[in-house]
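First, the structure itself, so that you have it in front of you.
To keep things simple, chains are lettered A, B, C, D, E and F as they appear, and every chain counts its residues starting from 1.
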Amino acid sequence: MRSNNIKSLWSQGQATVNGWLSIPSSVSAEIMAHQGWDSLTIDLQHGLVDYQTALTMLQAVSTKDATPLARVPWLEAGIIMKLLDAGAYGIICPMINTPEEAQRFVSYCRYAPLGQRSFGPTRAVFYAGADYAQHANDTVLTLAMIETRQALDNVAAIAATPGLDGLYIGPSDLSLSMGYTPKLDQEEPAVVEAIEAIRKAAKDAAISVGIHCLEPSYAQRMIDQGFDMVTIGSDIRLLGAAAAAAVKVSKAKG
Amino acid sequence: MRSNNIKSLWSQGQATVNGWLSIPSSVSAEIMAHQGWDSLTIDLQHGLVDYQTALTMLQAVSTKDATPLARVPWLEAGIIMKLLDAGAYGIICPMINTPEEAQRFVSYCRYAPLGQRSFGPTRAVFYAGADYAQHANDTVLTLAMIETRQALDNVAAIAATPGLDGLYIGPSDLSLSMGYTPKLDQEEPAVVEAIEAIRKAAKDAAISVGIHCLEPSYAQRMIDQGFDMVTIGSDIRLLGAAAAAAVKVSKAKG
Amino acid sequence: MRSNNIKSLWSQGQATVNGWLSIPSSVSAEIMAHQGWDSLTIDLQHGLVDYQTALTMLQAVSTKDATPLARVPWLEAGIIMKLLDAGAYGIICPMINTPEEAQRFVSYCRYAPLGQRSFGPTRAVFYAGADYAQHANDTVLTLAMIETRQALDNVAAIAATPGLDGLYIGPSDLSLSMGYTPKLDQEEPAVVEAIEAIRKAAKDAAISVGIHCLEPSYAQRMIDQGFDMVTIGSDIRLLGAAAAAAVKVSKAKG
Amino acid sequence: MRSNNIKSLWSQGQATVNGWLSIPSSVSAEIMAHQGWDSLTIDLQHGLVDYQTALTMLQAVSTKDATPLARVPWLEAGIIMKLLDAGAYGIICPMINTPEEAQRFVSYCRYAPLGQRSFGPTRAVFYAGADYAQHANDTVLTLAMIETRQALDNVAAIAATPGLDGLYIGPSDLSLSMGYTPKLDQEEPAVVEAIEAIRKAAKDAAISVGIHCLEPSYAQRMIDQGFDMVTIGSDIRLLGAAAAAAVKVSKAKG
Amino acid sequence: MRSNNIKSLWSQGQATVNGWLSIPSSVSAEIMAHQGWDSLTIDLQHGLVDYQTALTMLQAVSTKDATPLARVPWLEAGIIMKLLDAGAYGIICPMINTPEEAQRFVSYCRYAPLGQRSFGPTRAVFYAGADYAQHANDTVLTLAMIETRQALDNVAAIAATPGLDGLYIGPSDLSLSMGYTPKLDQEEPAVVEAIEAIRKAAKDAAISVGIHCLEPSYAQRMIDQGFDMVTIGSDIRLLGAAAAAAVKVSKAKG
Amino acid sequence: MRSNNIKSLWSQGQATVNGWLSIPSSVSAEIMAHQGWDSLTIDLQHGLVDYQTALTMLQAVSTKDATPLARVPWLEAGIIMKLLDAGAYGIICPMINTPEEAQRFVSYCRYAPLGQRSFGPTRAVFYAGADYAQHANDTVLTLAMIETRQALDNVAAIAATPGLDGLYIGPSDLSLSMGYTPKLDQEEPAVVEAIEAIRKAAKDAAISVGIHCLEPSYAQRMIDQGFDMVTIGSDIRLLGAAAAAAVKVSKAKG
């Protein structure tokens, strides 16, 4: 079975840089696949993408080396399993607030006896190889989003969930839940402290930890602070910002 | 009928900045529509876009103010008329090398008695208004691409085509045709000279002239040199470059 | 943030007329957007529409002024939040039978501290404006469908749910649940009485109330009877009926 | 091979009523397929439809009995043959202005030795039956649009083209070409006279003749005047008009 | 209302052969519809298909006689009802492990008073006929997948669920759950025994029973052993195997 | 630049086996990409595929090693160049009947000074590499279909066209044009003789030659007779035949 590059890099102590696909297009996905990301996550939650398009994006990502992940809309079994069958090598699940939710999430991603994932890796065998059944439970990443005050309170117990590979921090929702303006790249002390607490909880539980960022420089700082995985903005933000800057320069007086 | 902003700005002596849509997605089109471009051109030639997707992109562009244009794959009547019926407010036609081709191009874009465009502005009336039939011939832009040595030789005659609104320079093909490496933002003296000759031919014929650029700074220079319309890169280049830069910064050692 | 026309009209004591989009097409959506409806609801329940197509329909509706709403397939968090992120200005949720379901529904539509909606209004900021986060909780409509006998029994408690903006009556399911033939534009006394009871419950709770109708004349009557919102048939019914009538006339003997 | 209902009805002296599909959707196509039309034409010229969507519309039409036709964007070989291979039972070709164009059109629709259609009826055999090769030349309808003054001048020669099954009048373009406002259901005497001349030319050549109409009552009149085929409006017009009327009634004061 | 061929054949004591659609395409669906299957199941669980594409596949299947069924991703109300509204004549629901789940599944497929299915058979009336409401509860098939050890333990109680039409065995998951390699066409004695126990439970409850197979010969054996319904492989397996065999022969030395 | 495997294999004296993609789906394309074909041709002529879908199929094929080719609907510049820009490594053009047509075909596939292909290899650089411009003229295959009696008469002159890489025989159209039933795997002596004449003409001109076959055994024979490239059936035929055989076995009495 094709190995999971993210797991390999993490096992070597390296942090990974994750791109974020919110545009529902196999073309934008293929563009992103050529830019050097370690992984690319198709966002079916806040991204403007649903399953059928995500499938073509997984194909486009498969033309290059970045490891394909998917964020699902919610802790719903159907879409999680569909994305794994389509070849996603990991799932980021939003709003995991309790250990029970974490266990349920993991159970949807693991075959028996570790979980209740149904067997039928239709496209996954094309991407991964014919021996997918034997290795999937060890290869597919399960990342639980910690993004509410409740999750923060439960973070140690969530991190201890058997089969959970990592925590993934959503700073916007976490800020909102703590009473602050929803934003990425937070400098608000209370939120920064909470982020550090989550990071530490992951490390204490010997699992990985990632964080959603906006600016590359902030992402780099997070790597320096010990995060295993950083995400930068999204294809939508990258395109929008680059276009706005181009218009501005073009219209500047010579 | 909704007026054509490009024509309005040109009539006021202002140059316009044009964005370029090569990703086949109404979402990337809508992102671009929010960045301040004067016009947005859906590229059905080298862009990865065909009619059915272009239609949804025209809808997305219609949610904001940028004037929608389309570049067609070739001087073929069917697709030119389909795009006008779908609400494009101008057509950029590649590889216009002779006055005869220029006349044919114009004829596909104009209703009788000026041309042979067939009547049926199905979506255009939604975008433009119910009086489309009366004003379309005065509103729709016809831009002929000058991008070969043959076209260069014929440029005065092409520019004199009745009903042609402007010339649009494709520096890559022009370079290739002149024996140079195909590239945008040319500094090669012979190509630069040719570009200036085309610009002058347009001005001599009292029509407009645009040029396809890559970098905003080069585009700005072209405006200073008297171009009426500059295009910057494409959504694909903007996204790819922004992503590559983000990865690079993220992976830099702190 | 762009205001919600429906809320504005209601606050002025005006009833609104809602169109219904069941054809999965951005073209039929754009046609409907030009006919003068106050709002247009994309039906992801009984309509033949899923998220990815609904997204392009939201774009098409955004080219004009009708306020975009969506009916979701069921009380499921994932799709509700996806549609709000895509720019829907209100959600109609079917089969709200208990106050607990009503609370859960509202919680999916409201950001903390009022609810558990996850933050990431990706397209919504394009439609609504950059200050979406501040005003979304006050702008997005939450309409609970009352369409079973159980819901009827619980209607006062449902109507009292904090954050719920209105009740929306589904006469077909309500009829079926009460033992009658499922149909719109009911004249069956028991159902008519139930409808009036629901209307009154909404008014007693100082929230709005809408009803799904078939014929415009019935809808007009409902407005006269104090409904704030009436829906007429669907694009499928309108097209089918108009086509059948056209065929009939054409084939009549001269 | 499944017979062509249109040809059967015509051979019995009956006029046929044709519906017009301009919305790019298999759902609107299926709705229309249930309303009693004798044939349904997918419009790839002024309709908002391209091949890939037309294919699904042909499938939807195949669930019922109306004979599927297609209007192509222009006299271009590629798309004509693709639509026949996809199962269209006839082609309406716009802007046939000369006998040479008529011959070329027919040649694209007929297998050797009658024409140059390439062999490969991939979906057509599913719709028509395994013996498609033997009967296609006798089954597929070729209808040339007469819609310019030039075509009017050449109408007798065009009508005499071997293998041409009928003329189809486009009153909007014909009006425009003759110097009048482009519209359907013409009452302008000069245009009415031209229409009658075309009808007569078809009859003199012993081929069929159709006309594009807007209102069912006008269509009915055309049948009475001897037309073999009348088209009514389009799905876009039917839906738009029905919706506008519904809004108007709903908003009328009670 | 169009009758359900599967129910008719079963009532005559005949076993039915079911095809399996995992490719998300109306074209592959139409190909399969011409090969003589008694029913065709669109697989939205492990198949690479989501609702919007499934809809076009249902249309394609409707051009011929095979009865259309759908397997849903999970026991989720929204998608089950959407597929029935789209015209599926039966639902196969995975992972029914308890009588409570079986009851919930049935309730989603039946109108009141038998269940809680919401009324709005938008496309179903096109496929089935205008009297769908009266006959749907008797026509739509509900098939619960038995594919875990827990389900095996509960099989008698599940089979006794009022309104459940049949059990459908998923040998891969069942094997996995019992500690064996996930595979179809099992010969492993313990699994074979479990399969027989499930078959018998269905018969004891006087309901039908189907099984998912790979090879036609195994399927034939299952019919001989008393199964009412057998599924063979999938379109993906059929195409892949046929292509691999063709390549092999072509490359063999002459 | 990624080399063209077909050219490499031919230069080593090996014949190549080509698969044929007529189903418009990136999933069926990916299935086929895993079966060992040397090349895969997306058929935009008789296949049910248009550009936008072909693009996703090219992406799917790019996940594996088979070289992607495309057959275009007709000798039309727009679609040929679009497919090359999308990453096709060769074009099969139908109905090349004269040397002039062959020259025109080649000119559309070659950059200046060898031809008139417009520069803009948008996706091709992703597939091929950044140095596409330098090597494209040597890498992209141009295959002219010989499939009429006229082409047969002109075959030596066609084969001598500078820049043409090979002839590709379409036996069905060739048979039809010669007065025989259109079919593949011909044994009709006159057609067999014509096929051999075409093969010899290619060899005399020192270019390659391929033939469209149905059965693998016939294809194997063609390789033995000196063909460089053989195509087997199509995905549609493979799937249909495999499914029909499976149904037959399943329904056989045990």
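One rule holds in what follows: a residue touches a chain if its C-beta (ideal position, glycine included) is under 8 Å from a C-beta of that chain, and two chains touch if they have at least 3 such contacts.
All of these numbers come straight from a predicted model, not from anything done at the bench.
Novice: Going by the touch criterion stated earlier, list every chain that contacts chain A and also contacts chain B.
Specialist: C, F
Novice: Name the chain pair with more contacting C-beta pairs, choosing from E-F and D-F.
Specialist: E-F
Novice: Taking each chain's centre as the mean of its C-alpha atoms, give the chain farthest from chain B.
Specialist: So the farthest one, by centre of C-alpha atoms, is E.
Novice: Need the CA-centroid distance for the pair chain B / chain D, whole Å please.
Specialist: Their C-alpha centroids are separated by 34 Å.
Novice: Can you compute the centre-to-centre distance for chain C and chain F, using the mean CA position of each chain? Integer Å is fine.
Specialist: Chain centres of chain C and chain F, defined by C-alpha means, are spaced 52 Å apart.
Novice: At which residue positions does chain F touch at least two other chains?
Specialist: 24, 27, 31, 34, 48, 50, 52, 55, 76, 79, 123, 236
Novice: Which of the chains are touching one another, listed as pairs?
Specialist: Those chain pairs which touch are A-B, A-C, A-E, A-F, B-C, B-D, B-F, C-D, C-E, D-E, D-F, E-F.
Novice: Under the stated contact criterion, what part of chain C meets chain B in this complex?
Specialist: Touch residues, chain C against chain B: 26-27, 30-31, 34, 55-56, 59-60, 62-63, 123, 126-127.
Novice: Quick one: in the complex, what on chain A touches chain B?
Specialist: Residues of chain A touching chain B: 17, 19, 23-25, 27-28, 31-32, 34-37, 48, 216-217, 219-221, 223-224, 230, 232-233, 235-236, 238-252, 254.
Novice: Touching chain A in the complex: which residues of chain C?
Specialist: Residues 50-52, 55, 76-79, 81-82, 85-86, 111-113, 116, 118-123, 133 of chain C touch chain A in their complex.
Novice: Considering only the defined contacts, which chain F positions touch chain D in the complex?
Specialist: 22, 24, 44-50, 52-53, 72-74, 76, 79, 94-95, 147-148, 170, 172-173, 176-177, 179, 181-182, 236
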